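Next up is a structure, given as structure tokens.
Chain nomenclature is as follows: A, B, C and D, assigned in order of appearance, with residue numbering initiated at 1 for each chain independently.
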Amino acid sequence: MNSAWVPKDPAYEARVRESFSRQTHMATLGARIVFIAPGEVHLALPFAPQFCQQNGFLHAGAIASIADSANGYAASTLAPPETDVLAVEFKINLLAPAQGEGFLACGRVLRPGRTLTVCQAQVFTTGTTERVLIATMLSTIIVRPTERGGAGAA
Amino acid sequence: MNSAWVPKDPAYEARVRESFSRQTHMATLGARIVFIAPGEVHLALPFAPQFCQQNGFLHAGAIASIADSANGYAASTLAPPETDVLAVEFKINLLAPAQGEGFLACGRVLRPGRTLTVCQAQVFTTGTTERVLIATMLSTIIVRPTERGGAGAA
Amino acid sequence: MNSAWVPKDPAYEARVRESFSRQTHMATLGARIVFIAPGEVHLALPFAPQFCQQNGFLHAGAIASIADSANGYAASTLAPPETDVLAVEFKINLLAPAQGEGFLACGRVLRPGRTLTVCQAQVFTTGTTERVLIATMLSTIIVRPTERGGAGAA
Amino acid sequence: MNSAWVPKDPAYEARVRESFSRQTHMATLGARIVFIAPGEVHLALPFAPQFCQQNGFLHAGAIASIADSANGYAASTLAPPETDVLAVEFKINLLAPAQGEGFLACGRVLRPGRTLTVCQAQVFTTGTTERVLIATMLSTIIVRPTERGGAGAA
């Protein structure tokens, strides 16, 4: 459905990587970019015991973190130069316990827009066991002129 | 509206604190419990530069983490003994940039249920500047018999 | 929290009523405006058997309809002249069956914005029985220059 | 992904049609079932001027109504006999104005569960013009023993 989407910034990949490198939360969690294409970004996260909930599964907030960033960067691939993207809101359904060797958050643009872009992320387990869909997220993302002193959700 | 809600587990506070102590993600973020009452739990989180997004604000996933835990433990205060709570889904609106000395996530039960409990969290900035509402979250939480080997969202 | 919000359009009430009168869906459902104030609009809906789900309760889509309009018009009270409001997305939790003589949807602005406004609606039963909170909705609403030929969510 | 899902009720199609026939709201809107398969139900809705918002597009509540029913019946195809399904919550993103000759809501199970089933619906325009994705909905649905005197969301 998105075959015709063309990035408005030829340097979209460098821009995603540069912004990602400034997200200290991603480095702290241990997430890394594994795929970038127009309208789509995938992030991988190894399991780590310091980000768990009470039963030893990865905390929903950690899963939400990589899904949110995957969706934000998916939106960023289609945004014009000199803009920044910010999540306005997201909703996540947790479909199975976040247990596994690692996790893959696949963010994808459902509808790009001048002001708002809507994305969906699927989060899967990775590793030697069967791949399981553990979460799905719908995000609304605002595209705005870059201002490092930055502002809020609108 | 919730004045008549009575915890079904007299030891609700100890149970919340015990479960919270097992959430390594909360310890890693630096969150702590500041208030527990029937149907309501507040968590405080200091700002920390290692959990930020690209503009130096706290990452939405870190904000979502404390709002999710605040809502889960609010639900837990009204749950029977020998049960565990798990978020099925949540939706968060990010209302202002997460900049401040610290953050307070106030989780509150909107409707308790035998199987499902619905909670809402408000997240505020704390510190010497004016208190700002930076996020609001609606969560659906399932109450289930405790099983440490645990399972998923339903 | 919203005591200082001042409508940017002195004719905000007339504008809400005029727009509401063009929502044929509200007339078809039988909804009417019962309260308008800066940042807040309440809609009343009588129960009607032709808008039900399989068990004879009002359909969730009918409840969502009045909550969505209540939130949209709450946002509209704070918007500048010559603008229109459109829901970008909403999330609703259905807390109890929609059975009763009537329903009241109370929409309220949580955070007004130049581009995006976030609102929350609570839907209650009305009539001779005890008032029950049956639903809560969080909405993201975009404020845009009026164009009757109109367009979409962004 | 759902190729192995087998309906637990061999009469799943009859049961969906019987329940749908009791949803007066669907008849009032003019919706009809166009596709039923394990884990998937599609509903068609013609445009009608009496269900519109202020600009003459179909009201978001009408779109939400058919998406909600499509998701509920998709869940119902995988539920055991003598059970009923109820939406606990849903979130919808409105991607484009609901203008067109008609609309198709395609509901699909993302994850079936004993207690909770998560579904996603896509709503498209239909007719002589290009098909446009106008909305996407994520729903959480509870499966419960049938009781016509019925109850709420949990």
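Everything that follows uses one rule, which is that a contact is a pair of C-beta atoms (placed from the backbone, for glycine too) under 8 Å apart; a residue touches a chain by one contact, two chains touch by 3 or more.
Here the structure is a predicted model, which is why all the values come from computation and not from measurement.
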item: Comparison of C-D and B-D (more C-beta pairs in contact); value: C-D
item: Recurring contact interface, reference B-C, options A-C, A-D or A-B [over half identical by residue number]; value: A-D
item: Chain at maximum distance from chain C, centres defined as averaged CA atoms; value: A
item: Chain C and chain D: spacing of chain centres that average the CA atoms, whole Å; value: 22
item: Whole-Å gap between the CA centroids of chain A and chain D; value: 28
item: Mean-CA-position distance for chain D and chain B (Å); value: 31
item: Junction residues of chain D, two or more chains touched; value: 88-89, 91, 93, 95-96, 111, 118, 138, 140, 153
item: List of chain C residues in touch with chain B within their complex; value: 1, 91, 93, 95-96, 110-111, 118, 120, 133, 136, 138, 140
item: Residue ranges of chain B in contact with chain D within the complex; value: 88-89, 91, 111, 113-118, 138, 140, 142, 153-154
item: List of chain A residues in touch with chain B within their complex; value: 19-20, 22-28, 49-62, 64-66, 68-69, 84, 86-97, 134, 148, 150-153
